[in-house]
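Each of the next two complexes has chain A plus one other chain: chain B in the first, chain C in the second.
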Partner chain A sequence: MLLLQLLINGVQAGALYALIAVGFSLIFGSTRIFHFAHGATFTIAAYVFYYVYSLLQLHWLAAVLAATVAAVAFGLAVNRLVYTPIQKHEGSFFTVFVASFGVGIIAQNVCGMLFGRAFVSVDTPLSRSVELLPDLYVSPLSGIAIVIALAFFAGLQAFLMRTHTGMALRALSDNPGLVRAYGLSPQRLSMAVFALGSLLVVPAAVLLAASSGLQPALGHHIMLISLAATIVGGVGSLRGAACAGLLLGLAENLALNWFEPQWSEAVTFIVLFLFILFRPAGFFGRTTVS
Partner chain B sequence: MLAYLLNLATLICINAVLAITLNFIMGYAGIFSLAHAAFFGVGAYTAAYVAMHASASLFLAIPAAMLVTGLLSLVLALPALRVRGEYFVAASLGLQVLAVTVFSEWKSVTGGLGGTIGIPPADLFGHAVSDPVEFLLLALACLVPVILVTTVLLRSSFGRSLKAIRDSESAAHASGKNVAAIKTLSVVFSSSLAGIAGALYAFYMGFINVESFMLDTSVLLMAMVIIGGTGTLLGPLVGTVLLMALPGLFSYMSFLPQTEIGSIQQIAYGLAMVLLMIYRPGGIVGARSKGAA
Partner chain C sequence: MSRITTMLKAALLACGLLGASAAGAADVTIGALFPMSGPNASYGDIFGSGANLAAEHANADKLLSGKLSIQYEDSQALPQAGLIGMNKLVNVQKVPYVLSAFTGVSKAISTISSRTRTVAVNGGGVGPDLAELGPYFWNVIPLANVEVRSIIPYLVKERGLKRFVLVYVDDPLGQAIRKEMETTLPGAGGELVQALSVPVTAQQFSGVAARVRSANPDVVYIASYGSQQSQIVKQFRDNGIKQQFASYTAFSIPEINALPEAKGSLYTSQRMDWNSQDPVTKRFVDDYRARHGKLPTAYIANYYNAVRLFALLAHDLESKGLPVTGENLLKQRVETKTFDMVGGKITIDENGTVSMPMQINEIDGQGGKVVSAAEAG
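== the complex of A and B ==
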């Protein structure tokens, strides 16, 4: 029964990781920006939700809306104020990475100063677990997480395949020069990518906050997971990132059956390490590594 | 005030060893490792273990730390031979996270989250080095050879081969360089020297725990190298001094709330990293020498 419980927890965590990883992968795949501050977007969205819902006691829809606005605004601001100036003088991968990590540190500490560094939980009527079978506790949030993740993926897929902007975004990841020649602005498109990628974080942030609480350092953990998922899934493959997110969520939770909880993060990275050594292109990777 | 400056100078020496060795693989071999703090930690824990269970002699603890880190660094060399760029970063990140887990869970050797307490002072020819001035001299005595060895090595044919690999791996391979051997050697060299810094740190603090060897330290070291100037000899030194002196400034600003000092220091680090990357991505030393190169 423990295994089944872990399986359900794993699918829930995996669905949320998949959402975050897809956002990161979308940004990285189309702009080649290693957006380490993606974890900070998560933290900010989660704390804004917590602030509006638990502290101000407003309706949950208002809280979700506020979290969405905060996440998208943060994503756009980081792109506009940090990445664009760096890329103007052809910033290398590492210049962007260090700057992004710096943004992550700032956001984490500002959240810590504003809301305290302690663990806070967001109590919603849906958070409470129900005993479905003997010894099997499931909260309604697990179901909601899976449904929402699927809905967002379907929406994203439709957006990328059907709309003009979506097609332009896919073109941007293939050949930015050609996109410019075609008369589209890569600058404006990258803003769209950041808005979209940050938006994908919001449901994950809200659901994770409601189901397991939050603390400022959580963004870091989230970032490592989505980075691992992007690589394991294959850079540039959204489907891969989603599957890998799910896989890592499952691995992290199923590992609890055999190891102490402290090892769950290590399990994720052993999976990642093995993938890099033996299958660096990931599940569905298109590009082979030189 | 004097005690504070001595402490700062010693820590700068230790971090400079780390920054210089990281620059060796980052700037010259093109291996961007985020696991440098892990090797720093391995060195520190090894030295602490040797000092507490065998002898605190520097001539035993430092070689032991170098040997263990050098051997373990082969794990880092493995992905370095297979992949480049963001894939390698992810692999080294994975190693770093694994190392932190091992440091905090292997309680019989590392003392777990609580850390290793009561490391005896370093022993040099039967004399216990515990005086701050003496320790600073000891740290300098380790820093100077590290600088000399890396400089000599980089000016030798080995250094030129490294740069050739960084610029084009296939071209270096085509001109008969044993790319795998050179890369592996450079990783082992850099990590084992980082082990020296670990040993010094363990003896200096007398207490170590996992907090000093986390991902943040790796990134801070990387920031020191990049801010100072990647691939320059002087750059890592400048970056180290700058980033180590920075938090000290805030401790003197009495108008800041005491409980938030830690956060404010972190924010200042983050801000410095962001601003320098925007305005001076080549690093402080790098930007100036660019015209000459």
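== the complex of A and C ==
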């Protein structure tokens, strides 16, 4: 029963990790910007949800909407005000990374100043597990996480495959020069990528705020997971990032059946290490948005 | 014209130097290495509120000839960041006395403390190893071995809880608590059925909850701190753990007290009577309550005591015409031994630790209540 419990926990964690990783992978794959501040987007969305739902006590839909607006606005602002000027001055990949890292730290501290640096939690009955079978506890949030993750992936896939903007985004990751030749603006597409990538962290941020609680330093862990999933999945492969997120969530939880909890996080990085060693191109071996 | 300008410049420089030397001769700065960012930042605010109040009281009482101030450095509750801060305080600020917190940070800075003969005083870390860090490392808080020894007989004999699961953070503090539990529990009639270590940075505990449930304990002892312990408590309750929670002084922070899932949890702390008419305690409690609108906690009292201890020792040294150095502070502490502090007279033992009676508290969501008093283990 312990193994089944850990499997269910792993699927829930993996679904959330997949959503986070896909957002990061989409941005990185399309723009080649190492958006370290993606973790900060997650933290901001989670705190705005907490603020509107728990402190202002508004309806959860209003809180989700506010979190979405905040996350997308932050993603767009970082791209417009930080990355674009650096790239205009031909800043290197590393310069952009350092700037993004700085933005992440600033956002973390601003969240700490605005919402306090202590742990806060969103009180909802949905996070409380019910005993489905003897000694098998599942919270309603687990089911919600899985359904939302599947819905978002299906929506994203349809968007990328069937809309002009989606196809242009895929083209952007393949050949930005060609995109320009067709009269499309890489800058505008870049803004669309940041909006979409930031939007994808919102369900994970809301669900994690409700299931695990929040503190301003949460973004670092999110970034580690995003990075690991992007590499394991294959840089730029959204399907790969989603599968890798799920794999990491499962590995982290299933490891508890055999190892001490302190090793479960290490398992994530053992998986990452093995992929780098034996399959450096990742799950699907793609370097473009697929 | 240029001659006048030169003379003016010389006069300004002389005034500046005179002013600087006058200020430097009288004013005293001590250091503090507290977490001010990261998941344990809330502790920095708590510790600092006690330390600042003590400095204000010392200045108001004119215990020192000059102004006492505290230079804060952010340790993030991490040994490496703590070392950087300690180096800055000792080598740049040249402070004789540093407030320290967290077992890992305290152990990391203790070598610099010994080498440079700078007194380091801990009021928050409770790892038993902190009693063995040399003559320049002092503790004004009872250590974890005392806390564990105090709560185990209460849980086993008075509450009838015999099967323990320990969930501990994998650092010197957590390891020390595990060692103490393994030693103390069998003699008290209890059993440590499982000990699960979690990394300092872990934030997901639903899987650990499954392991805890499968061990079927009577009581879950949580040896963590900061945001992590709040996350453990919330996620354990959410994941079907209904058993009693127990912990140590780290549970005395407002965020745990306000957490609905923590209600009913038991934890140890040093015995403090906030209604005491002892003048030092009364002044501390009254002034703290006037500023913050609530009662202080043991942590706040500890850092108040740590700064007050410095002010008393420095006052004695100044009376003797001796400089306020780490070496002289140590000699004066050994000579004086007993001090009027918050909580009454406190005696510091030869090894730089304090022995105090303990109490067991229950979280009730309204500031906590004392359920039992225990003698120091």
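Observations
One rule holds for everything that comes next: the second predicted complex is superposed on the first by the 286 of 290 C-alpha atoms of A that agree within 3 Å, B and C clash if a C-alpha of one lies under 4 Å from a C-alpha of the other, contacts with A are read in each partner's own complex, and residues count from 1 in each chain.
As a convention for this text, contacts are C-beta pairs under 8 Å (C-beta built on N, C-alpha and C of every residue); 3 or more make two chains touch, one makes a residue touch a chain.
In this text the structure is predicted, and so the values were computed from the model without any measurement.
When both complexes are superposed on chain A, chain B and chain C end up clashing with one another.
After overlaying the two complexes on the shared chain, residue contacts for A:Q262 are found with chain B and with chain C alike. Once the two complexes are laid over each other on the shared chain, residue contacts for A:G213 go to chain C alone; chain B is not touched. Look at A:N109: by the touch rule set out above, it reaches both chain B and chain C. With both structures placed on the common chain, the touch criterion links A:N253 to chain C but leaves chain B unconnected.
By the touch criterion defined above, A:S121 reaches chain C but does not reach chain B. Touch criterion met: A:L6 reaches chain C, while chain B stays clear of it.
Looking at the shared chain after the overlay, A:F97 reaches chain B, while chain C stays out of its contact range.
Touch criterion met: A:L272 reaches chain B, while chain C stays clear of it.
Contacts of A:Y137 after superposition: chain C is touched, whereas chain B is not reached. Of the stretches 207-215, 225-233 or 279-287 listed for chain B, only 207-215 runs into chain C once the two complexes are overlaid on chain A.
Residues common to the contacts of chain A with chain B and with chain C across the two structures: 109, 112, 260, 262, 265.
Contacts from chain A toward chain C in the complex involve residues 1-2, 5-6, 9-10, 12-13, 109, 112, 116-121, 123, 127-129, 131, 135, 137, 139, 211-213, 215-218, 221, 252-253, 256, 260-262, 264-265. For chain C in complex with chain A, the touching residues are 37-39, 41-42, 45, 167, 170, 196-199, 201-208, 210-211, 213-214, 226-227, 230-231, 234-235, 237-240, 253-255, 259-260. Those residues of chain B that touch chain A in the shared complex are 32, 78-79, 82-91, 93-95, 97-98, 101-102, 104-105, 169, 215-216, 219, 222-223, 226, 230, 260, 263-264, 266-267, 269-274, 277-278, 281.
Only residues 34, 82, 85-86, 89, 91-99, 101-106, 108-110, 112-113, 220, 224, 227-228, 231, 235, 260, 262-263, 265-266, 268-270, 272-273, 276-277, 280, 289-290 of chain A touch chain B when the two sit together in their complex.
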